[in-house]
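The two complexes that follow have chain A in common; it is paired with chain B in the first and with chain C in the second.
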Partner chain A sequence: MSTLTELDLATTSITTLVSDCEELIRDTSMPSVRTWKERTGGIAIGFMPTYIPRELLHAQGVLPVGIMGAGDIEIIRGDAYYQSYICHIPRSTVELGLNGSLDCLDGMVFPAICDVIRNLSGMWKMMFADKLVHYLDLPQDFSAEIGGTFYRHDLELLSQKLVDAGARPLEAEALRASIRAYNENSRAVRALYDLRRREPWRVPTAELYVALRAGLVLPVESHTALLERFSALVQAQTDRVPVDQARVILTGSFCEQPPLGLIKTLERSGCYIVDDDFVQVSRWFRGDISETGDPLDALVGAFLNDAPACPTRYIDDGEKGRELVDRVGACGAEGVLFCAPSFCDPALLDQPMDTAAVTRAGIPWTAFKYSEDTGQFQVIREQAGTFADSIKLWSGT
Partner chain B sequence: MSEHDKLAIGIDVGSASIKVALIRDTQADVELLVGRSERTRRREATDVVASLVETLLSEAGLTREDLAYVATTGEGEIVDFRTGHFYGMTTHARGARFLDSEADACVDIGALHTRAILMDERAKVLGYRMTSQCASGSGQFLENISRYLGVTMAEIGPISLQADEPERCSSICAVLAETDVINMVSRGISTANILKGIHLSMAGRYVKLLKAAGATRVVLVTGGLAADVGLMAAMRETLAEADDPLEVRSHEHSVLAGAIGAAIWGAFRARKMERLGISLAPGALSEART
Partner chain C sequence: MSTTEDPRAVAKDASQERQKRMIADHFSRLARSEERGEKCVYTFVPGNLTELLLAFDVAPVLPEINALQSGMRGLSKDYIALAEKEGHSEDVCTYVKCDIGMLRSGNIGPTGERLPDPDLLLLSYTGCFTFLKWFELLKQEYDCPVTMLHVPYQADGRITDEMRKYVVDQLRDKIIPALEQMTGKAYDEDRLRELLARSARAEDDLVAVLESAKHKPSPIDAYFGGVYYIGPIFTAFRGTQEAVDYYRVLREEVEERIRLGKGPIIPSGELEQEKYRLVVEGPPNWTNFRQFWEMFTDEGAVVVASTYTKVGGVYDDGFRHDPERPLESLAEYCLGCYTNLNLPSRVEKLANYVRDYEADGFLINSVKSCNSFSAGQLMMLREVETRTGVPGGFIESDLVDPRYFSAANIKNRLESYFQMIEQKRARGVTR
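Let's turn to the complex of A and B:
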């Protein structure tokens, strides 16, 4: 690759492009962000999973930077902040903050995911008092009058904080342009998910995943170009042929991301992953955000009405699992892998309702847990492999 | 051959050897046409696979185009011309059931791991237990010991049967067991008694695995060590001492059980895909499933 800031999109090799994306993800010092700041003079704001309105930041000249853990880096100071029964992502985020990896960020936004991340936002305020820290209190009431008003106020508050941190003031036309840029990006992502659903052997999930993750540290325009190049390259691979594998949906990995080795292991164990919830910020809306009317209202409306069922959003008890069952049907999946981080409250508390729903629908499933620094995959390989066998041999008999 | 018959090949890629089996599935019956096992030694596993497959097909007067399914198991992901892959538990259970229709459990003794598998009459896996990380009790461990003692793998069984005072060794740790063996040699213990002691230690471990998996009636030993008459005798003695009715059997094709099981499941899967209208031709798979 040319540099870590500008991927070589002229490459004719999918291997090169994927390996460049992997390097971009692996380098926790985020050289692409540093270079972007030097080039543009803009500010960069980090954000945690699962969703923040990146369009708003983009419209104010801010680079939104997704922080999804630190993989398998050694945690030295991060462990001192959390008990052993807390998931891994807050410790690795603290580690990145304290070891200077995130120095290039001018602030952090912590969306409402769970109590742990909420607490992390408080700790961040104490650790980095000179930087912008915003807890994005996403509404759990989805009516326009209550949740909509609340959320719009929260977005205005965030916008003002960005101005205080050095960003330009929010203007309606700029926000409309940003919505257009992110709509374009979302369409590119959805097109790749559609392609993988149709021809999963062409688009290995491990490759698609790193292409999505690269978007967390790149400007949206660059990322859209990357996805278009990625799509062209995978479709040109004539040596990729279908193998008799089980088609599965993977769910539960919306916050702390699994190690890349785990995704590769699942695919090698005989599963075609035809849908997942990795890097959910890039597919948070089912369709486009409206590009007409008041753009802030458009952001609010999309959040209230067009977001997927996710354990971080309130869903009535009777409704839990219904969307998952629908997704299984829509993508022709034959089973569900419940793949959640250890100690992830939102994922693991919803899992009993979700498994009950798929069981009622007669869909085979299996469940296992991981941590972002999991290094041994043999047990999961056996489990996923025998699950794939059972689907191929016993389902429908 | 009827037009409804399915020919399938099973390729079991193990850490020490590669086993290949070619079967004909007539729906009413399954016939093992030809099978072969070959040690990988220092060659590329993919080369050994290619050579074995071509040899078997040539012996049977067939070509790859005649095959309805190329099924792999073990480390079979390295085989790029596979139709599909099945896991060791799934294939050994099916292979064991094919070789001995009365078996309701099998114990797959591989070079690095051992698994006890419980299955039903359709060869569906009902439960299993597996050895942990340590290589003690595995085929590789026994091979190392045979090397220390200067005997071949083929000689181990008959020599072990000659033991009169077997010396037991550690069944938990391969390193401790190897140290035990060195001590026994220096103490002048006969090779037969050392080997029998090792067989008894391994047998004790396998019986525990089988009982934990829930085996109660007939167990078929699969993998290369099924041909070790000393080990088989030690397993039977261990069960007899415990007054356990579990019956341990072996078969001349036990070493091929994984490959046979893979081939049978491959043919089964080929029929199922045909019934469901699933084709692996580019573009066709997604059309049928979505």
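Let's turn to the complex of A and C:
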């Protein structure tokens, strides 16, 4: 494959771009990260889903690298760490750690999203004692004085740990510049989501998804350029025309990722996915993070006030499932696919509340589970196909 | 009870009788609370703020306790089925589903009386992510306010000033005002101090009871028996005189058993011979509790230390509620609960237990429900084995879902495990 970091995007076709992105995801040894390290001499820090403030790492010259499991790689040692009733992503992550794929990382950040990831942070400390390990205890109190103060301190602690691991100290101006770089990236992502919402036939989700995943291993500036090129290329495809597919929103896949084959299967079975929660770190905030004032406060403020109603975030007031219903309306979806990893507490505990809200709103839905290494999609294909057909039938009447 | 009663004059298991009474009284008080105009708060065991609630004359209702009681009374299977029929996933914590099913079936508590609806849902988010979702679910069922206390995780194995401050700030600015609003009473710190002082006295005695297992033979079973011992202090009684009295009587009973060289009380009477001393990690199974316990006692196995008896508070490291620092010590209590400790700390704790209690082995009961406990336990198993040199065993079950308690399987595993200890013994490896 071409090295996307050094790729001359101007000459790339959509097919090459997408297949390069796919290759970036497939190659768990992360050559792009290794290349970046050699070129810059900087350090790279991995992070688990769903959200960490990548701006902070970037400002200290660190490459943030998103780890979203390892798809269907053969698990040799990871299974010995987990009982059968625990989801798949921690075992594949452990596998990557033990098979040397993550050697290029100088540490890992584990955000507070569930007890599996939380406990994995402690396992990591025991397995990789010489590397930076930080559990990012995202606040569930969303007031500036209480949750904000606590979170700001947590970020300062992370920043200090990065310095100890070899990063440069945090400076306000650098952080402001990083916020700008990531705002630009999020805008590019949001623009693509808007485009897909308007013209889903132009932006197949399987393509958009790999383009987003590429951003987990590329420097943000390269990724923004990639997204812009991707956008130009998909808009230039004249052979992509609308067909009669059901518009659906897919929810529940914010951590362990479905196999790419599953996403393709859903699209082939008659669904246009017009909104989803894949790779949420790339559009965690509804709008831009403030580029003025104290930049650390800006990161904190955005987290407290502008984050989505992800299942990992406590809904203190307001109605559970409301945001999902609103999103269905906003993206003009005709149905909801609840698509969660098996044994995923946050997704599956949320599901009854969300399905109730969606049902109350008269929106059709269907639910299924997957594992990142699922290889058989026949049952899901039929289920999604029937669902899409029933929507089309229903909307036709 | 009368506090002047001479505890030495009461029968051997007077503490058990006393505890049964306390808990029955608590549930009947709850059943009558609505008619008596008393307020109640639903909250969780880890990080419970019982003293604070009692300072407002508010009674706590603990959904986990209701779930485990339903498990012990053979009701959980149907409750879980009901919740699953409503769309709750088979993959998630069975306590939650048991609670939802119980609610749908009339919210009848362990004494056969209906539990009151909450006046407030106090979400003490300590050590378990599922708690968040549990109360989001309950919030849809009740027309009452919810207030949340987020307790940060001890990810680096220590409590920092910022963590303590975060919890104290929430107590002061969120939890206390919510309680004031609900009860119409002002926060009375002196009253809280009195309650905390009593907590500390009971905690001293609880620790003495738990540490009595260092004696050989151990006068207690610190897991199966232990769940009874922790009952009052983990639930509605921390800070009360009843708890102080209960733990004093219990301690005296246990000291008497040591003096007489007796082993622990077990379902069939008393354990005659202590053959194996074990440390256990993980919660027990409640649906087949007695059968499970007997798989140990039949082999002469006594649990000398367990981590489950630390979920509602770790006291054997020296922590005590402190009347001089009321909110700070409540914060430290919440931060210190067992499932809020990181994995290296949990491994260290287990290894220390093996050493300090001179255990022959340690065993993990891994429950399907609970990622907070279970995720990482296989690694803990290997780490503790490496550090202590004693054999580790691993069994799997669930809390209140009887579908995941396979008696034959567990019994087989335990038998092979005890054989492994024997073999090591024969080679002179263990104590």
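Keep in mind that, in the parts below, the second predicted complex is superposed on the first by the 385 of 397 C-alpha atoms of A that agree within 3 Å, B and C clash if a C-alpha of one lies under 4 Å from a C-alpha of the other, contacts with A are read in each partner's own complex, and residues count from 1 in each chain.
Keep this in mind: contacts are C-beta pairs under 8 Å (C-beta built on N, C-alpha and C of every residue); 3 or more make two chains touch, one makes a residue touch a chain.
Remember, it's a predicted structure, so these values are computed and weren't measured experimentally.
*Asks:* Between chain B and chain C, positioned on chain A by superposition, is the outcome a clash or a fit?
*Replies:* Here chain B and chain C can both sit on chain A without a clash.
*Asks:* Answer with first, second, both or neither: which of chain B and chain C does A:Gln245 touch in the superposed model?
*Replies:* After superposing on A, A:Gln245 lies in contact with chain B but is clear of chain C.
*Asks:* According to the stated criteria, A:Lys392 is in contact with first (chain B), second (chain C), both, or neither; which is it?
*Replies:* Once the two structures are laid over each other on A, A:Lys392 reaches chain B alone.
*Asks:* So in the superposed three-chain picture, is A:Arg268 touching just chain B, just chain C, both, or none of them (first/second/both/neither)?
*Replies:* first
*Asks:* Tell me which partner A:Glu199 touches in the superposition: chain B (first), chain C (second), both or neither.
*Replies:* A:Glu199: touches chain B, not chain C.
*Asks:* Between chain B (first) and chain C (second), which does A:Gly332 come into contact with in this model arrangement: first, second, both, or neither?
*Replies:* In the superposition, A:Gly332 contacts chain B only.
*Asks:* Calculate the angle at chain A, using C-alpha centres, between the directions toward chain B and chain C; round to the nearest 10 degrees.
*Replies:* It is 100 degrees after superposition, to the nearest 10.
*Asks:* Please name the chain, chain B or chain C, that touches the greater number of residues in chain A.
*Replies:* Larger number of chain A residues touched: C.
*Asks:* In the superposed arrangement, does A:Thr149 touch chain B (first), chain C (second), both or neither?
*Replies:* A:Thr149: touches chain C, not chain B.
*Asks:* Considering only touches as defined above, state whether A:Pro346 meets chain B (first), chain C (second), both or neither.
*Replies:* second
*Asks:* Closest pair of CA atoms, one in chain B and one in chain C, after superposing: how far apart in Å?
*Replies:* The answer is 18 Å, the least C-alpha separation in the overlay.
*Asks:* Can you give me the overlap between the chain B contact set and the chain C contact set on chain A?
*Replies:* No residue of chain A touches both chain B and chain C.
*Asks:* Quick one: in the complex, what on chain A touches chain B?
*Replies:* Interface residues on the chain A side: 197-200, 241-245, 247, 268-270, 331-332, 334, 382, 385-386, 388-390, 392-394, 396.
*Asks:* Taking the complex as given, what residues does chain C use to touch chain A?
*Replies:* These residues of chain C touch chain A: 86-89, 91-93, 96, 123, 125, 128-130, 132-134, 136-137, 139-140, 146, 148, 150, 152-153, 155-156, 162-163, 165-166, 169-170, 173-174, 342-347, 366, 368, 371-372, 374-379, 383, 396.
*Asks:* Under the stated contact criterion, what part of chain A meets chain C in this complex?
*Replies:* Per the touch definition, chain A meets chain C at residues 80-83, 85-86, 90, 112-116, 118-123, 125-127, 134-135, 137, 139-141, 143, 145-147, 149-150, 153-154, 311-312, 314-316, 320, 342-346, 348-353, 355-356, 369.
*Asks:* Which stretch or stretches of chain B touch chain A in the complex?
*Replies:* Touching chain A: residues 69, 77, 82-87, 89-90, 124-125, 265, 268-269, 272-273, 276, 280-283, 285-286, 289-290 of chain B.
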